[in-house]
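In structure tokens below, several structures.
Each of the next two complexes has subunit A plus one more chain, namely subunit B in the first and subunit C in the second.
Up next is the complex of A and B:
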């Protein structure tokens, strides 16, 4: 009898435990090589000449002096390449040849032997322009006679979204109270710590290997190809570790095809890296929106209708920003039970910079509005903020007007837990009394809630993810997944799923997800989808491998596969944990025995969600989740400074898989929302970014971080892997309006345009004192 | 090409001699001449702390210090922190407490944390979470939200001075 056979191994679960990311030790020691750190032999440095105009005809570009500079290998302008259109609506070009439409526009690019030479060459390029009349505000762009940004869009209309449900006019006429508000949310930017960077390398047959920070490698090929005039199949995407993404790398941006065009022109690898200033000016922002919202409520506190007009400043080109109404309208139409709803969202071209996707994808903007309006309506009808929300919260089984199926709705639970844990109502009432007490320190408490897709979002024809799982002769597992790792920790979550199903230790699992030539397809890291979608695919693959292994073990013993389990590297009897055989030994027997069986399984998981129809109706996500967050603040009425003391977050997460990871995602999201609430705004004036540095664009730092208390509602989602839901966007969505509501509770002043900077708060208090 | 100047300094305990251009930054020297890419260029103007290294025991923004000024000094970078025995205690705490997500800012953050732990501003009193947060104010992180970073450093405070 071997030693293994004497062992009895108890069943242990790793689901819900605290698992450090497998790449953390290398990241802690500086060993990790980001693209920003990579050097290839014969590599050249790429640089872009951005325009200094916001709207102008290009008369001429003189590159002669730049080309003559020793060490310069290529200088490209739009005239050197065919007109290649790219972007979600094909309105962008890698290099602009006829006119420039915003301050970001790329008019020339250089590949040189060093950064110094590239900078010198850029400075030697002379561009002659004829300025055109610009337009910066979306409403002005839509007015008659406004300057035209794209000649093929003479009315400056870019994208339009409309949804309507119920009889709004009748609902409004029958409402006891009708209110109208206007909100404006600003340009903010991701501030990834790793500046944008790309490295392009063509082989001798014309195939491109691109080292990219992208968070959607498979569709990236499809989107990059038209910008280069090559076949998507001839692009291989390698994804070295990335210094933050947060949605900013969910599209192709001009610097990427430009770098590839330089590599093509020089037949050498070219790397192009943004400076921090370029990063602030030239990388995507969150979509700014102006909202007008009319809302109705009856005296008993029931919502009657909600009508929203959203005007989106498209900027000069279209990335994902102007498509965010798809998610935005789900919140306006489906958050709380509102019998009649309508949403109209129009994006207008201007000569401003343009927005991409940013953690929360339109719902950040929608939730700032809805959560603020809910507070105001509660006050209108004389109800407290908790009772009013509970009265209008949906119950399990309800379906929203756009078809989001709330089969297990925990909105009410989240609100009740958040209110209970924070002693909300007594603090809320006390703070109102304290407003009139002399003194400059006022305290406030505020709540906000939202809903978000938590089982992917079927905005493409497939929302799937593929997995290849193999076990080697030593019982080491390799999981090749389509899901990208951008710091969020899918590596740890997928490892846990493999550990749980196959009883293999963490250290014996390798996750491979950085090469489009190896990985099976995945939509990308977005929409809070990766744990849910990639997790489900990994789970199904792991279960198939488990079945194959247990079937083989059953075959050589006198028990059935169902009576066996995998624990700590052994096949054991499920009832008593007694080990039958070591897993690696079994795998070798399977491999080298007479059956010649290798364990390697594949899976493609497609969630049971549906794309929207033409009227924007459909159950877009396989699962939906709610959250309720409470903010407690201190406002200094002398300086206008708002200090967030505590955030209490309650969220339906389905099931916690990696406790360490979920806490990190929620704390990180809260920090981003804290910046949105209080300090972050890209200051735009006449199309130019006035504050392109960390000095003047204030992101939260450690001392501003409030105490954070997290409560997970584990609803055990029946479609989710191990019961889990997607979680990562709600923490970046809900805190900001909770903070604004808390500020109102403290000082009785309502803010309709974040960020609530000290200047803005002090000015509002000053104005209020004269009323 | 501009004139190069020879400098000598101690790098992670090892004597180093090399020629640098007078305009080269310490960060560029470490990354481009010595292949120590742990410290990152994230802003280039001393605002984010991702390039933090120790010079003569003090943390500096290596993106702002000329390489020639390293002459005769002692430099320690993130690469010099771990030993053959494994991760240094601060590095291990960052791993265990889940402080690291994308990790780009972490070499700088960890160097600042190590410095802070070695230079308790209020000697004799154990550092609080507020002390730690203030001490890390110059290091920007966009992933973690800082809570787990402070957790990690607070755990080291306890471990290094348990009483």
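Up next is the complex of A and C:
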């Protein structure tokens, strides 16, 4: 052993430290190459003709002039392609040939030499329609004699979900107080900075390479194939960096098969990009819902029953939006103890645009309702919002009626910390007194809580993720994971896990997750699952690699593998940190020595969760997490403007892995929820989008972003990687109702339909002043 | 139509010569023109004249009690002007409520006026100052200048009294009289990057509670930005008390004719008109 080797390396952990995202420098300096930047040789530009009707029969489509335009290589209509269905319930078609059902409908598509020629060609296509009577509201769509959106669904019923637990009627009869409320939550959209974009390229054997923004590359192949009539195995998905996804890229949308069909027709690569206006109109929204909720409570403050009717506007086709009741109902049935509870969710086809999944997946809507109702019930029984919640909060060891196992429930902790850190009760009482003091500036404080799956969600048959980890001769690690990076920061988290186990620096780790031909399967980036699931798989792979390395090192020295550790690129003695051999040297010895051993491990991790049964019962997630958020607001009673002064977020995160990453996720989520609470709404009138621009669709900007204070409850989840839980959706779920509750605290007016725009608040105050 | 000629004049004379035959689009900062032509709301004419290089159309000066602001002066220039901050702060205040830094750096004062939106923010303070605009043309082989009161410049949404061969070169106004106080308010659900649902300016000289030189200008409540003359008349020479504020608010309510659109309802615009006039009188009258 050389003298230089006799240094002692102390054990250092990177878990919980602040690690910048590896993709950040390129993004900040404009070097990142999105699909939007890509050019392939011979590439054509694709463009879609969207209808200008909301419900009409297509009489004829005349493409002659468009086809004759020099520079146009293909013009496709539904008549040029087989009528292939796709979508979660197979009710969508790439190009519509018989009728159009909403303003998004794609009636023709063009591939041309340039954007300008494609635009001209689109303008030359003439479509003759016969308008049909449209239907826009879900309740009208369900009424007798309503216009039929899909002929094979004459009653306009799309999806239906029902869950029931306990004897509702008996519980209602025995309740001291019974109240009923109606809520309506709006259309909002993801507002990804990078508009939708796809590039399709067929090889000579008919295999498709698709450069996609998808956040679920493996099932994407399965979902895209039926729209193209090809085998899923013949699709290779390449994932360049994306400019935001937030759930919007968890499905196949018509522009993707259309682009591929254009590529097939022209035998050239075709790229199709949405303009911002197209993005606002044609990309998915969050699911709008009308709720009717009956709730019972006893005078002592205990909840007795809850009965929820959710009516979902399905729009013209089915993406994931109408499936969100699966997650939505878990919040109604769990998190606060409700002895008898039922939920019915029905989606009705209309001629509106349709919803996909959106960060929070149904729980955004459910939490707006439950958190508002909890405050109203507290007031009914004369309890403060904190005591009332604590009384009904579920505790460790409880199992919810739907079978969510709360083995380590920190809801009560979260509420207590949130109330304590914000001096909630004294402010709450003072604000109520201040309502009657003259002046137009009123202050409010409000709390909201929720539960969300924090260990994946087994809505597919597998909720797993695969990993391939290799170490090269220079002790550089490459981790090939099924989990996509869509900006959420998984590359940093997985790197930290490898660093922690293998003692190598951040710069020596490469994460590969952009090619479905390389990566092992993963279900997709959704359900707050990636750190938990991909993290566990990476951890198991890293531990296997570690074992292989330490076994080899142990073989060379006179100690056991258990007595060794990996630190700072060295094999060291675990007890005193004295270096034995440099890791790269050991790896070369393993590789080129007698054993010819290469460090290359694989892992597939399947979480310990179960799919729901037909009655929606089952422990859907390997872990559950709670959060309690407090909003402090200022309301201008003249203009109706609500200014959020501060959000205090308390959340069970299991364990912080990347502190910088978790702060970014939580702050970003809070911003999304702030928009939902106060300003964002895709305004729909007669099936048309009235505000398809950032001028008129109001996402929060920096000046109205409040002060944010974060508190992490580290419960050290026994199933989670390093103890971590999934955290990404709760921050986008809880703030909105906390803000609405704070506005109530300030002015005594309750809002049942976000967003709380200045006009809405001013009108409500104006009406209240006449009562 | 497609643009056939592109011209980059460096002087007012060169610019109006290019403009003399009409059929030309003037490009200043392009922050209105670009979105309008992209969306198809407006079409380019045959010649595109980029006026950005006419240096004599930039800058803020005061000479013998008259202020002159070059048409190409940007909103950022106004925001950063020490002279205006000291002497005419209402212009700086309006600039501070205007768009975002990026837009302010490009947006010109002439462009804001010539776009003739009822919601143009810089117009309101200029109306309080009784500003005039100077228009240049090329007539019979010479440069011809005329000036017109800003309030008479607007004839409808996007419509002005300017001819197709004219260029707005500068904005002029007299130095405010001693004791003149002017204030500006603008609405929006978010404090930045917001097209006004209502914008309002109120100016007056207040002496022992009595108002004189009263001016009230309101944006986004009528086809053009307006001067609320009847409201001014209610206030002029009167002692400002609660009942006068009520009267003024009622008068202002009668003078506006707001519409419903995607940004706000007519009801809300009327409501804000009432809220704003009360708030502004409260400040100006103190």
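Things worth noting here:
The rule is short, and it goes like this: the second predicted complex is superposed on the first by the 768 of 771 C-alpha atoms of A that agree within 3 Å, B and C clash if a C-alpha of one lies under 4 Å from a C-alpha of the other, contacts with A are read in each partner's own complex, and residues count from 1 in each chain.
FYI, contacts are C-beta pairs under 8 Å (C-beta built on N, C-alpha and C of every residue); 3 or more make two chains touch, one makes a residue touch a chain.
Just so it is clear, the structure is predicted and the values come from calculations on it, not from any experiment.
When both complexes are overlaid on chain A, the residue A:488 reaches subunit B alone and has no touch with subunit C.
By the document's definition of touching, both partners, subunit B and subunit C, reach A:703.
In the superposition on chain A, no contact is made by A:80 with either subunit B or subunit C.
Contacts of A:695 after superposition: both subunit B and subunit C are touched. Touch criterion met: A:242 reaches subunit B, while subunit C stays clear of it. Of the two partner chains placed around the shared chain by superposition, subunit B is the only one that A:664 touches, whereas subunit C remains out of contact.
Touch criterion met: A:759 reaches subunit C, while subunit B stays clear of it.
Looking at the shared chain after the overlay, A:413 reaches neither subunit B nor subunit C. Of the two partner chains placed by the overlay, neither subunit B nor subunit C lies in contact with A:634.
Subunit A residues in contact with subunit B (one complex) as well as with subunit C (other complex) are 695, 700-703.
Of all the residues in subunit A, the ones that touch subunit B in their complex are 18, 20-21, 23-25, 27-34, 36-37, 190-195, 241-246, 275-276, 486-489, 660-661, 663-664, 667-672, 693-695, 699-703, 705, 708.
Within the complex formed with subunit C, the residues of subunit A that make contact are 277, 638-639, 641, 678-679, 683, 690-691, 695-696, 698, 700-704, 757-759, 762-763, 766. Of all residues in subunit B, those touching subunit A in their complex are 31, 36-45, 47-48, 50, 77-79, 81-82, 87, 91-92, 94-107, 110, 130, 132-134, 136-150. Across the interface of their complex, subunit A is touched by residues 35, 39, 100, 187-193, 195, 262-265, 267-268, 271-272, 275, 278-279 of subunit C.
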